[in-house]
Each structure stands twice: as C-alpha cells, then as structure tokens.
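To keep things simple, chains are lettered A, B, C and D as they appear, and every chain counts its residues starting from 1.
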Amino acid sequence: MNPPHIQATILIIIIPLMSSYAIPLLGWRWKRSAYFIALTAIGASLVCSLILLSTVLTQGTIHYHLGGWLPPWGIEYVIDPLNGFMGVVVCTISFLVTLSSKKSVEKELPEKKVRFYTIYLLLFTGLMGIVVTGDVFNLYVFLEIASLSAYALIAIGEDGAPLASFNYIIMGTIGACFYLLGVGYLYIVTGSLNMADLAKLLPPLYDSKVVLIALAFFLIGTAIKMGLFPLHVWLPDAYTYAPSAVSSFIAPLMTKVMAYILIRILFTVFKPSYVIEVVPVASILSWIAAVAIIAGSILALAQRDLKRMLAYSSVSQIGYIVLGIGLANKMGLIGAYLHILNHAFMKGCLFSVAGALMYRTGRRNIFQLHTIHRKMPFTMGALVIGALSMIGIPPTAGFFSKWYLILGSIEAQNWVFVAVILASSLLNALYFFRVIENVYFEVSQGGLKEEPAGDPVREVPLSMLAPIILLAAGILLLGLYNERIISGILVLALPRGF
Amino acid sequence: MIVPYENVIIKTICRLLLPFLQLYAIYVLMHGHYSPGGGFQGGVMMGASFILLVIAYGLDDAQRRISVKALTIYACLGLFIYSGIGALALLMGGNYLDYGTLPLPLSSIPKIRAMGILGIEIGVFLGVMAIMIFIFLAIASYETGGKDD
Amino acid sequence: MDIVYSIRPLLAILVSLGAAALILASGRRPNLREAWTLLAAVAKFLIVLSMAPSILNGQVLEYTVLPLSPGISLQLRVDPFGLYFGLLASGLWIATSFYSIGYMRGLNEHAQTRYYFCFAVALSSTIGVAFAANLLTLFLFYELLTISTYPLVAHKETPEALAAGRKYLTYLLTSAVFILFSIAYTYQLAGSLDFVAGGFLKGQGSPETLRLLFVAFILGFGTKAALMPIHEWLPTAMIAPTPVSALLHAVAVVKAGVFSCLRVIDYVFGPSLLSDLDLWLVLGYFVSITIIGASLLALAQDNLKRRLAFSTISQLSYIVLGAALITPSALMGSVLHMAFHGFMKITLFFCAGAIFVKTGKENISQMNGIGRRMPLTMAAFAVGAFGMAGIPPVCGFLSKWYLCLGSMEAREAVFVLILLTSSLLNVAYFFPVVYNAFFKKEAGGAPPVREEVSWWMLAPILICALMSLILGLNPDAFIHFHQIAGMVAASIRGF
Amino acid sequence: MIDSMMSKYNYWMYIILMMIGFYAMIGKKNLIKKLIGMNIFQTAIILYYISIGVKKGGTVPVLMEGLPRAADYVNPLPHVLMLTAIVVSVSTTGVALAVILLIYRRYKTLEEDEILKSIR
C-alpha cells in the first residue's frame, strides 16, 4: 500500500479527469460552477505536483503501478526530477491562465462556458498524463486526449478558426500516427512498451535498422506536434484564431510538453550515446533548430497581428529548446530545460496580455495600440517585461536560458549556433520593440485616438490582471533565482552520464 | 434533417430488430471481461441501435425518446463509474484501478477483480453508447443550426 | 586587501530603484514625484560617500546578493575604481536632478513621470555597473542601463526622436551581442568571471583566441564608449532633452562604456597580457583615430549639442587611450579624466540646455552676443571650454598632463603629439563659441537684457563649473578623486 | 530479395495504404476527402499492428483447457492497443466532422481553395 504522497501521482490526473465530467453534470443547473470546478481541479493538481516534486527531490524516483500490475506488463507511472519539474511547470501555468480565463470566456463564449471548461480540463488531463506516464503507448493515448481537446478548443474561435483547427487535426493526426508507428516498431523488436524496460532492452539492438526507423518516426511525430520548423504550418493559424483563453493556455504548454516527449524519447528510451554517437540524430536536430530559430524570428517580423507575431515567435523559441536538446551537453540541456520553464512563463504572460487587449479593445493589430499604456498601465508593464525576456535582457528569465544555450554551443565548439542565438535575440528585439514603441509613444503615427465602440478602454478586471502580473513577476523571479532551480532540480533531471 | 421514411417494412423490421440488437449489446458487455467483447464493443452496438432508430423513425422521434441532456448524463455517469471504481480502489488503500482491494463479498481476489472489471466495462458501455449517439445527433441535426455549442 | 561584507553597495543601487517605484506611484503629484528624485539622489550620494573612508583605508566592500548561474553570483564589490565611478555618477546625479526639474518645468515637457522613472532606473544601473564584481553582474546592469535610457532618448516622441531611439537600441543591443559572446567565451576559457586587478585571462587560451576575445570585448563595450566608427548613435541621440544628454555624456551611459572598457583592459586581460599579445599599441592607434577624427568632425557642427557630442566622443577616447598605454601614469590620467571630463562636460551641456530653455536657440551661429544676456551661464561655459582644451587651472589640464606623462613612459611620443593636436582642435571648436557669445553683437541689434534661467538650473551649472576649477587647483578636494585614482593605478599589477 | 519482400507483405500493404491516405490528406482539396485520407492513414497503422500480433496456428487469446503454452495464442497486446487506437481514431473523426460542419456553416463550401478565397 502506497502512502498518500505517492498516490498524488495518480491524483494529479484523475482529479481533473473526474472534474471534467462533473462540470457538465453540475453545469446544467449552475452555469457559473464550471469555472470554479475547473480552477479547483487544476489547483488540486498543482498541490499534487508540488508534493510530487518535493517527494522526488527528497526520496528519489517514484514508481507507481497502475492497478497493481507490475511493469513491464502493467502501465507504470514514473516520476523522476524531470517529470516532477514538468508537472509543476504545467500546473502552475495552467492555474494562472485558468484564473485569468473567467472574464474572457464569459465575453467571447458566453453560451459555451460549460462545455468549454469540460474540454479545457480534458486538455489539462492529457498534458498531465503525458508528463507523468512511463509507458510509450499510454503516452500516445494522453497525447491524443490532449490533441483532440485542443482541436475542439481551437475550432470555437473566430474567423478562420475552424479551418485552422482542421489543418491542425490533419497535421496532428499525422504526427500522432508517426509516433504510434514508432511505438509499433519498438514493440516488434523488444516486445515491451515500458520506457525503463525499453531502455534496458534496446542497447543490444542498436545496430538494427528497425530501431533506427522507430527513432525516425518518433522524431517526425514529435516534431510535427511541437511545430518545429518546417513542420510548423498548423501553429500560427491555430494560435491566432483560437479564443484568447485557449491560446494563452495552449501556446505556453502544448509545444513544451511535446518537447518534453522528445527529451524522453531521446534520452530515456534511447541512450544519449545512441542519439549522439551511433546515429547523429542530435546534431541533425540542432541544425534544424538553428534554422527554425532564424526562420521563426524572420516570419514574426513580417506580422502585424500581435497573436500571430507571438505564434511565429513560438516557432522560433521551440527552436531554442530543440537546439539545447540537440546540443546534448550539460549546459545545452540545462538551457533547454530552463527554456521550457521560462518560455512557458513568457508566452503565458504575452498571450494573456494579448487576451487582455482583445478583451478590452478587440484589437490585435500592433499598429493600433497607441496610448493604450495610459488605460492599461499594468498590463502593458507586463507586456514590456515579457518582451524584454523574449529578447533576453538580464535579469529576466529569457536571458538565462539563452546564456546556458550559448555556453552549451561554445562547449560544443559550434560557432554557428552561437551566432544564431545571438542574431535571433537581435531579431526578437526588432519585433518586440516595434510593439513597445507603438504602445508607448503616441505622437509617432499621428495618434489613433478614437475609442473602440462600447465600453471605454480601461484596465482589465482583477481576475485577469492578477495572473498577468504574477506571470510577469514570475519571469523576473525565475531569472534571479535560476541558479536555485538549476542546482536544485534541473541538474538532477539531466539524463545519466551528463 | 433526417425525416422518417414512410415505409412499413423498414419500420417493422426495425422494431423487430432493435430489442435483439440491444440484448446482444448487453450480452457482449456482460461477457467482455473473460471473452472477446467488452464495454466498448457493446456500447457501440447499443449506440448503433439508436442510430438505426433515428434512420427509421426520424430525428424528432428519436430525440423524444432520448434527449441530449440525458445523453450527457449517461456519458458522464459512465465515465464516473469507471474512474469512480478506480478511485474507490484508491480509497481502499490500493493503487488506482487495483480492483483486488474493492470491498466486495466474494471469496477470492481474482473473483473480486473480475467483478471490478465488469463494473469498469459497464461504465465504458454507458459512456460509449451515449457518446456515439451524441456524435450522430450532433452531426445529423446540423441543419437545424445552433447545436454546435 | 581586507574584504568587508557590507550591504551598503546593494542599498546604493536599491535606493533609486525604490525611488523609481515611488515616482511611478506619485505620478499625479509633480512636487512629491520630484521630491523623491531629489531625496534618492542625495541618499544615494551619501551612501556611496559613506563607503569612501573604508576604501581609502585599503579595504574592499563586498556583498553577494544571490547566485546567478553555477559558479557566478550577482555580486557587488566596491574597489577603488568602482567607488570612483560610483562617486562620480551619484554626485553628478544630484546636479542633474536639480537641473532636470528646472529644465522640464521650464519647457513644460510631457510624460515627466516616465522621464523621472527612467532616470532613476538608469542611475541604479549605473551604480550597479560601478559596483559589479564580475562580468555577468556588470552585463546585467549594463543592459538595464541601455533599456532604461531608451525611453529617455526617444522622449520627444517625434519621428526623429523615435528614429534616434531605434538607432540607439540598434547600436547598443548589437554591441551587447558581442559582449554576451565574449563573456560566455571568457567563462568557458577561465571558468570564472570575477574581476581581478591585473587580469585573470593570462595563460587561459591561445593568443589568437585571446586576441579575438579582446576585439569582441572592445567592439561591445566600445560602442557605448562611442569609439569611432561605432559612435554614430551618440550625435543622433542629441535629440533627447538636454538633461538626458548630460546624463548620457557626463554621468552614466558613455562613462559606463569607458568604465567597462577599463574593467576589461585592466581587470580581465591585464596590462601584462595586453603587452604579450601586442594589443595595446593597436588599441592606442585605434582610439587615436577617434581622438583626432571626432575633433575634426566637431569643427563642422553648427548645432551646439552636436558639437558637444563629437567633443565627448573625442574625449572618451582619451580615457581609453590612457588605459591602452598600460603605464601607471597613463592609467592615472585616464581615471582622473573620467571624473574631470564628467564635471566639465556636464557644465557645457547644462549651459547649452539653459540657452535653449531661455532663447530656444540650438545653433552656434545664432548665439552671437548671448554672453551679455546670460553672463553667468556663458562664464560657466567658458570654464568648461577652457578645461576641455586643457588649459590650467581648470581640471582638464591635470588629467591631460598625466596622459602625456604616461605616453612618455610608454616611450610612444606620438601619442603626446596626438593629445596636443586634439587640444588645439578643442581650442578651435570651443573658443569661437565663447568669443562670439561675449564679443559679437546680437543679430537683431536690440539692446541685450540680462535674463538668466531659474536658479534650479543655474545653481547646478555654477556648482559644476566651480567644481571643475577647484578640482583643477586641488584634485583631492572634497571627494579625493586624485587619491582614489592613485589607488586604482597602484592596485593594477603587471605594468 | 523478392522472397524477403514477399515474406513481409503485410508491411508493404500497410505502407501502400498509408501512402494512399497520406496522398489524400496532402493532395486533395476537399476537406471530406482529406478526412477520408486521414481515416485510411489511421486504418493502415491499425492493420499493421494487428498483423504483427498474428501467429500461424494461434487462437483467440482467452485461456482454454488443453492449450497451456503461450505460443498457442496470438499476441493479444497489439489488438488491445489497437482497440484504444480505434477509439482515438473514432474520436478524431468525430471532432473532424464537427469542425467540418462548422466550416461548412461558415463558408458554405468544403473546397479549401474557395474557403481561402473567401477568407481573404
């Protein structure tokens, strides 16, 4: 019998899962309850994830056998420091974003509130499931739970949202199917689906072509799912047209969790030695990532729509994470892990700000935002902090992930990557300062003073503002305390041999 | 909009067929945990029987028999049974879905496990049935509009 | 050298950050807002001053705030050089604050809250640059300085001001890229980033690598120090309000640039490594081009502020030259020149601003006879101009003397020639201004009326001019600039 | 060569099916056709999984009297996995159909070109 703090492994999933269908039951009578149930469930998951992280850090890896069946036959949930860390990241961001979603959902989707939160919690369940599971097939199931809910959530947006969602369905299904094929190929040669078991069984088979093909399928699948350039085509439309509550939930988390899958596959299922030495997968990935960083930034420069610009910037930032993974040395990986955390905070903050702007002004065009800083000083302050972090100005969080990535690139003696990272921070500066300039300096364009119809523009309500400010403060604190996070958690989360 | 096709043969055959279909669905469910079959298959059959009803008798008639609201409750209830049994095992001190710990008045742990699985299958059955019909109704009634919420 | 742990360096940084928050909070009440500015300025200066006695006794104050990265901390250390810069910046901030209040109210500028906020943040980061104990901490504050001065440069929000702001950011962020690269590479080579008097990079890499690293460092920090040909942002940034120009030129930004250059030359590479790598002479010639070139360009400017800007570019290179010559006297001269140039240049800028506030004139050709309208202002201007040209007894003479001495010690007389030529050019571009102001008739022919600016502005002008004179006569007056500079020169090993 | 290709014919079949589905997803302009392609794609993978579980002479994997050896049964695990995959594919189809309905209601067409034209 397991003590309660071990049971948190499963509670982290079943609390949001059970709540997600409690919502429609209770929602028939009390529409308002949907938001509170969702928030409570995610809050409970957050508590569980914190318990898990502290347990993992003090007592070592947690193995949880679902239904009491031992691995490799039963499904096993494994929490190691990397998992625990990801769990806390996902829960924290989800909690803050959910907190801020109340008003914007009420405004944008007044009739669909109940179902919105049902699917929303399912998405969260899927993401958490991906994070905690230690079984490659179970991961596929959770991947599809998360993806399906994401498709549905994106489709309820405006304008081109259904089409964006459909393209996402097509691309996402291709990605998931490739992942499934990878699982199948590994199953043929090993007869196992458990990650730890696979890691034990695979090394003698590293010469086999089947294993190589399985790895290739895994890579293509996860690359599509996380929108790695040039497989990112679904991402900008999906993020742009999704309702603001959805884009500020999906943008910071979805792609990060997919990057986590990549890390798991490369460094847990396969040994680092395989992906670095036997097959140069890591270096291929890092070169693709370098292209992604530059291409994403350049595409972001060409956008006039704030959300679309942020989406392309996500494409570029995914490149950073993959670059760190591909560098496959200690500093590079730390940079990648830290960037998962930092980018989740930055994108959460920036997309929430975009949502706040939509809520009050209905505008997304960055050239129509003059004088808005007088009406919404705190929101715009958060925008500035998020933008500075994206550019990589110390002491914001974004600087430090960049710092470790540069150190990793130098350690790998790869000067092209150093140049790419540095050049991309300049490109980031170009497009983010364009926004800041438009927000803060009104005289420049002659000023666009007329108010949007309806309510006068003012600061967003507290339930939206507080998460934005917390996320912005988080960016600063993560920057200042990044060393604690690294030496306390991330160093332990590195794969063996680093 | 699916309107009833006024044909006595179809309606009659349908009426004759339905009970057997549904009975077979329940049979598949009940034997699911120790022979081929199970909650999902049974649920799909159960759902299919209602779809047949819709095709033969039209959408309005079917919706009078089973409303969207009831379907939602069935779906949620099914999933609730599933995860509820799992969580009950958790409360009894086992791992999630560890049926062996369920407080059933049976002689041996394998028997308890079998009963636990049956409970799970019933949950799946209800959920799948409701969702199948739900998807069909949602897609079939799109022309009436406003149902995409 | 005993190390004393003290929180005072952190307090010196936080006091103006706290003030910045208070300024934002009291944006609707101008009097309160400006009271915070003044209070923070005085408090900051007193805190920095309170550290002076221990430093003069040979101690070093240290404070570790938190670890930034494995092996690197956000660490503050007040050594003589840091204290020197800290004293200079915080001292001149008081003058600039008073002047700002007069200037901004005199012109009834918009967005004053943002202005004072950014000013306070900029000063915090300047002090942070001064007290940084390692390269990463320095870089952190250096970047904050860039970001916080950007709204000041673009303050007017006209298309030209915005363009200037963009140019400012483009230059400085691009240079930051070089700095970041060099810092990361230094860390990779040496495993440490802590400043050590006399350098810590010796023997840590092949000469080619170290040369490349040095070039990257100078390209990075040299942009803020406005070395030619990467100086272009500075004249363009003259579009900013005059107190900002004063801040950029005399107090914070460019001085942070040269300060960082000196830190790199003497505390990262060290004189002996520089002479091993044969880099010092190259750097000397490189900055000599700036010294002469900027002076020549200054001759061609009609806008007074632009002329002052090119003068600054030229004078900053004096400081870098002094460090490049790697002799104790030259270093002494360069450290002294940092402060002295600060006092003289701030006087000149304040005068230019005063003229603009009172008469709206910006061009030198319009300033005939202005000395009769504003005798005190123009007298102060004359003091500054004399100092720039290195004429005793104004303090500019003293630092130039040390620089010449240093070039002789380094057995490179050509630099003496360059310094003297530049002085001559200084005479050529400053004296006509003074002459025209006092001895030519005003264009309109109306009898000149005495109309000085308000005392908010006039007092800082006069005090700074007076300080330039006093420091020239007794360089140890009040705040022991001479003694501290001596300590800095003595602390560097490896000449 | 031919022998080794023929002995693995199930792989060839699934690859051919998969490519047909892939072509429809990428090449077709009609959204429903894309969806059908997606279904073919998923079915190909399901077939592949089922085929790897097959054993010559194996029987239904339910424990029976007189057949004590595991080798007498086909491998049940791929089937179980595919049961899940089928559920996933059904749900994906459901969501996709719902989205297609939304698109149709908004643009009154299912041809991608025309939709893109009307968006601009």
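Odds and ends about this structure:
The criterion applied here is as follows: a residue touches a chain if its C-beta (ideal position, glycine included) is under 8 Å from a C-beta of that chain, and two chains touch if they have at least 3 such contacts.
If you're wondering where the values come from, they're calculated on a predicted model, not measured in any experiment.
More contacting C-beta pairs link the chains of A-B than the other of the two pairs A-B and B-D.
Centroids built from CA atoms put chain B at 35 Å from chain A. The distance from the centre of chain C to the centre of chain D, each centre being the mean of the chain's C-alpha atoms, comes to 70 Å. Rounded to whole angstrom, the centroid-to-centroid distance between chain B and chain D, based on C-alpha atoms, equals 24 Å.
Each chain gets one centre point, the mean of its Cα atoms, and the points for chain A and chain D are 28 Å apart. Residue positions of chain D touching 2 or more other chains: 98, 102.
Going by the touch rule set out above, the chain pairs that meet are A-B, A-C, A-D, B-D. On the chain B side of its complex with chain D, the touching residues are 34-36, 40, 135, 138-139, 142, 145, 148. Residues 60, 62, 83, 87, 94, 97-98, 101-102, 104-105 of chain D are the ones touching chain B in the complex. Only residues 1-2, 7, 10-11, 14, 17-18, 21-22, 24-25, 28, 64-68, 111-112, 115 of chain A touch chain B when the two sit together in their complex. By the touch criterion stated above, chain A contacts chain C in their complex at residues 388, 391, 393-395, 399-400, 402-404, 406-407, 410-411, 418, 422-423, 425-426, 429, 433, 437, 440-444, 480-484, 486-487.
Remark: chain B residues 69, 72-73, 75-76, 79-80, 83-84, 86-87, 89-90, 93-100, 149 touch chain A in the complex.
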